[in-house]
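As written, the chain order gives the labels A, B and C, with residue 1 at the start of each chain.
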Amino acid sequence: MADAQAVEDRIAVASNWKLVWWRFRKHHLAVFSAFILACFYLVVVCPDFFSTQNPEQTDARQAFVPLQPLHLFDENGWNPWVPAIVGKRNPVTLRMEWTPDPTKKVPVSFFAPGPVYRVFGLFPTNIHLIAAATPGQRIFLLGSDRLGRDQWSRIMHGTQTSMTVGLVAVTLSVIFGVVLGGISGYAGGTADQVIQRLIELLQSVPTIPIWLALSAALPRDWTPIQVFFAITVILSLIGWTTLGREVRGRFLALREEDFVLAARLAGCSRMRIILRHMVPTFLSHIIATSSLAIPVMIINETSLSFLGLGIRPPAISWGVLLQEAQNIQTLALAPWLLTPGIVVIVAVLAFNLVGDGLRDASDPYSH
Amino acid sequence: MSETPAPLLDVRGLRKYFPIVKGMFRRKAGAVRAVDDVSFTVNEGETLGLVGESGCGKTTVSRCILRAIDPTAGQVLYRTRVGEIVDLAPMSRRDLAPLRQEIQMIFQDPFGSLNPRMTLLDNVGEPLLVNGVRSRVQRMDRVAELLRLVGLRPEFMHRFPHAFSGGQRQRIGIARALATNPRLVVADEPVSALDVSVQAQVLNLLLELQKSLRLTFIFVAHDLSVVRHISDRVAVMYVGQLVELAPTAAVFERPQHPYTAALMRAVPVPDPRVRNDDGILRGEVPSPAAPPSGCYFHPRCRFAEDQCRQEAPLLRETSPGHFARCHFAGHLELGPG
Amino acid sequence: MNAPPLLRVRDLHVSFKMDEGTVRAVDGLSFDLFPGQVLGIVGESGCGKSVTMKAVLQLIEPPGRISKGEILYQRDSGAIDLTRLPPKGAAMRALRGAEIALIPQEPMAAFSPVHTVGDQIVEAIMLHGAAGSRREARAQTIGLFRDVGISMPEQRIDAYSWQLSGGLRQRAMIAMALSCHPRLLIADEPTTAIDVTTQAQILALLRELQAKYGTSIIFITHDLGVIAQMADHVVVMYLGRVMEEGTVDDIFHAPKHPYTQALLRSMPNMHGETRTALPIISGALPHPFNRPPGCPFHPRCPDAMADRCATRVPMPVETEPGHIVSCFLHHDEAEPA
């Protein structure tokens, strides 16, 4: 009985966020996915640290090198290594053919020096998570592409771009959605009419063509960074509508709630009612909805870039990487070029699972 | 009682019409007369019960007094703490703000009326905060006092509403209503969502608080036995109009309007030895968008005559303090409920 | 009563397994329902009355389950135990709606908004093979509408549920429930959502139909007034257990259990003194995860005895013919630990 009392007391003083967290914790799959996403965002913070080499470094002699899977142990115990690969030019096709050399191992080490880079573009360092033990030796954990660039390192940098696009685009959509949806729902009247018609207009336009048109309109001479931001803004300009509708609906419903009326009768100002009573009530829900919107944004960016209309080389994103895998002949020769696709799938799945978990947990007072 | 002071609240000719809009251009196609020419007074320290079936306008009346909605016409004259008489009906939001402290509300739904994301301290203390009590310590003291007043432990103030049962939440709602020392409290069905065993506790609490704090109540309810128990005077509403208004005992023992009598007979008596289907009201409550001609009650009234079908009766005083809206008030054999 | 009971519930246990713990919603419930009898089950929220109804209809959904006990339903061919029938199986489906019908609290939710009320009743009649053709079923439906007092049945049969008023909708629901001539009717708070004058009409109608067809009715409500008006026999429940059971006259005029006595006292009525403190039941319903040991009512009981009520669970014992009470004031038999 004392235990039951303690549990009750703990629940009694638990805030909304605590209750959400307790409920979210019960979705094991969602918690696991959240962990995966955390790993992804670690990569976003500093992709160079996770790379084994400079993603732009080309070497025509090392094109289409196959995978060099990482081994942590050999017959003597802990001793990380990757198999060495030797190339021989096929005299008939004149193509390099790579085969693993079972007699040779390339030793690798963790937190080892490699190419120099700058953390956050500020602090120069050369420490990498994985690097070949011999300085200058190139290793290809996920193979190389047609220009001999390291696929693993390119995926790390692509992750930074693609995940950031998703996050920033959704953040912008949330801002648009909450502000415009909020005005629409709380003010009503003409503002509501105008915003609702705008949403309907935006939703009735087929998205792919409008993206195509907008991104085709971007000046060719923009730097990759400029294009990157332009793409993000384009994605969010179209993406806010669903959220805007949802926020409006919530406002309309909440206006009728007794506790909102109680606040009005207590003499609260309009601003206080919105910020203290209404927004917190649907905030957790908005977060859940946005976490479900991020994967859509990621897919959108990937599709655009895959079509050559989004982020363009030399910038690297998952879509840009997949563009390399467009050619079926190349794919037959180097199937590892599809690995960015797997990364996209994992990221999107993880986002969806977390979003579902959050959505279920977001209203702890529902039962 | 040598000199009768002005009533605390004097509602005169209150009307609230909700427009019925039709078509694309939102043309006004008519109006629902939710409240249609309602007048009554409430004296300081008394409880006025406002009863009627759903759609009779009792809730709309209470919301108009609280200015949660804006009345279409009429006056809501309120005597403030300093003795000034003001009309609440046309007041702007800004002018109303200081008066909000004096007029408060208790809600029906104990689960919807507290913000689930705020602790008791923040829920109950909010009226204090927005009315200028900036110091958290002061608020805590006052909230502790209020919680004690409604029979809850002050330590509970750091808990969230989800930790409490329906009856306890209703006490919390009462504490919040009392936070600013109001004079007039509008209670909208405050016990109808509660279990029988808890209902009595809350009714007792309200009676006690009224006595110790000299509160004036407008008690809106559909349950006649509850209204009878708590009210000094009772106003009965039907299709947006007041049909009878009198001291409680008079309404229940000598009803003057056939609707009041039928309403009382419809209450199931908690005694199996009294089973009686006589005088059950036929038909249903008409819609306030299309009320019948003449007396709104005539299609269901067993005493209806031609006059009732053609001529709308006025609310008139049939005996001192007893008002009824019936052509034959005082001349019908209605008997006690 | 010489005929065997139509329904015998024996030691029924229904539990809900949640993350926070197990809720014993019904905890060892037994009662008999005889043919032609109206059995009232009364209790406050959380007493298990609605769960009992769902158990009889086999409508308990996970995480709830019937963990123990029998529900014996008497057919001409002998008794069958409903708890052993697969809830979604053909046998249970054939019983539900045909032999055992339900009148729910909210008829709005029970009717589909996209089919006319008449079509849904015709469908039910056809499904249970109570008519040869749709034309015949339609004629039966019109007859039923007339039986339940729906005016203009030929027109109303083609109405959608949302076009009907609350009272008419509940009448249509009763017509639907009666469409297959059930032997057992379960009414789950059928008048809670409707106004008092309409409630009086519906109760009178149910009594009239019961007298006409001799249907057995289980009438579930929290309203003691309604129970007094409707039931022959009453079961008073608290936290999933029977506190007292007896004829309606015994329950209202000679209640033995302190809970029943307190409930009856705490109700404001139409004749007692007004504006005085009502006798109350102290405390609140315990949280479902936090059931008190011993007699479930002992923490709130004015007559609780320190030596036994908190430790042993009193059994329901027939202390007088037809009058069962679970209280150590009247006997000393406890449930085996």
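As a convention for this text, a contact is a pair of C-beta atoms (placed from the backbone, for glycine too) under 8 Å apart; a residue touches a chain by one contact, two chains touch by 3 or more.
As the structure is a prediction and not an experimental result, all values here were calculated from the model.
**Student:** Of all the other chains, whose mean CA position lies farthest from chain C?
**Tutor:** Farthest from chain C by mean C-alpha position: A.
**Student:** Please give the pair of chains with the highest number of C-beta contact pairs.
**Tutor:** Summing C-beta contacts for every pairing gives the maximum at B-C.
**Student:** How far is the middle of chain A from the middle of chain C, if each middle is the mean of its Cα atoms, in Å?
**Tutor:** 55
**Student:** What whole-Å value do you get for the distance between chain B and chain C if each is reduced to the mean of its CA atoms?
**Tutor:** 32
**Student:** Provide the list of chain A residues touching at least two other chains, using ranges where the numbers run on.
**Tutor:** In chain A, 8 touch at least two other chains.
**Student:** Residues of chain C that touch two or more other chains: which are they?
**Tutor:** In chain C, the residues touching two or more other chains are 287.
**Student:** For chain B, what residues touch not just one other chain but two or more?
**Tutor:** Nothing qualifies.
**Student:** So in the complex, which bits of chain A are touching chain B?
**Tutor:** 8, 11-16, 19, 257-259, 261-269, 272, 277, 280-281, 364-365
**Student:** Can you list the chain A residues touching chain C in their complex?
**Tutor:** Interface residues on the chain A side: 1, 4-5, 7-8, 26.
**Student:** Could you pull out which chain B residues touch chain C in their complex?
**Tutor:** Contact set of chain B toward chain C: 47, 53-54, 165-168, 195-201, 203-204, 207-208, 222, 224-226, 228-232, 248-249, 252, 262-273, 275, 277, 280-282, 284-285, 337.
**Student:** For a test of understanding, state which residues of chain B touch chain A in their complex under the given definition.
**Tutor:** 66, 68, 97, 100-101, 103-105, 107-109, 112-117, 119, 126-127, 130-131, 156, 158-160, 162-163, 173, 176, 179-180
**Student:** Going by the contact rule at the top, pick out the chain C residues touching chain B in the complex.
**Tutor:** Residues in contact with chain B: 44-45, 165, 167-168, 195-201, 203-204, 207, 222-229, 231, 248-249, 252-253, 262-264, 266-270, 272, 274-282, 284-285, 287, 300.
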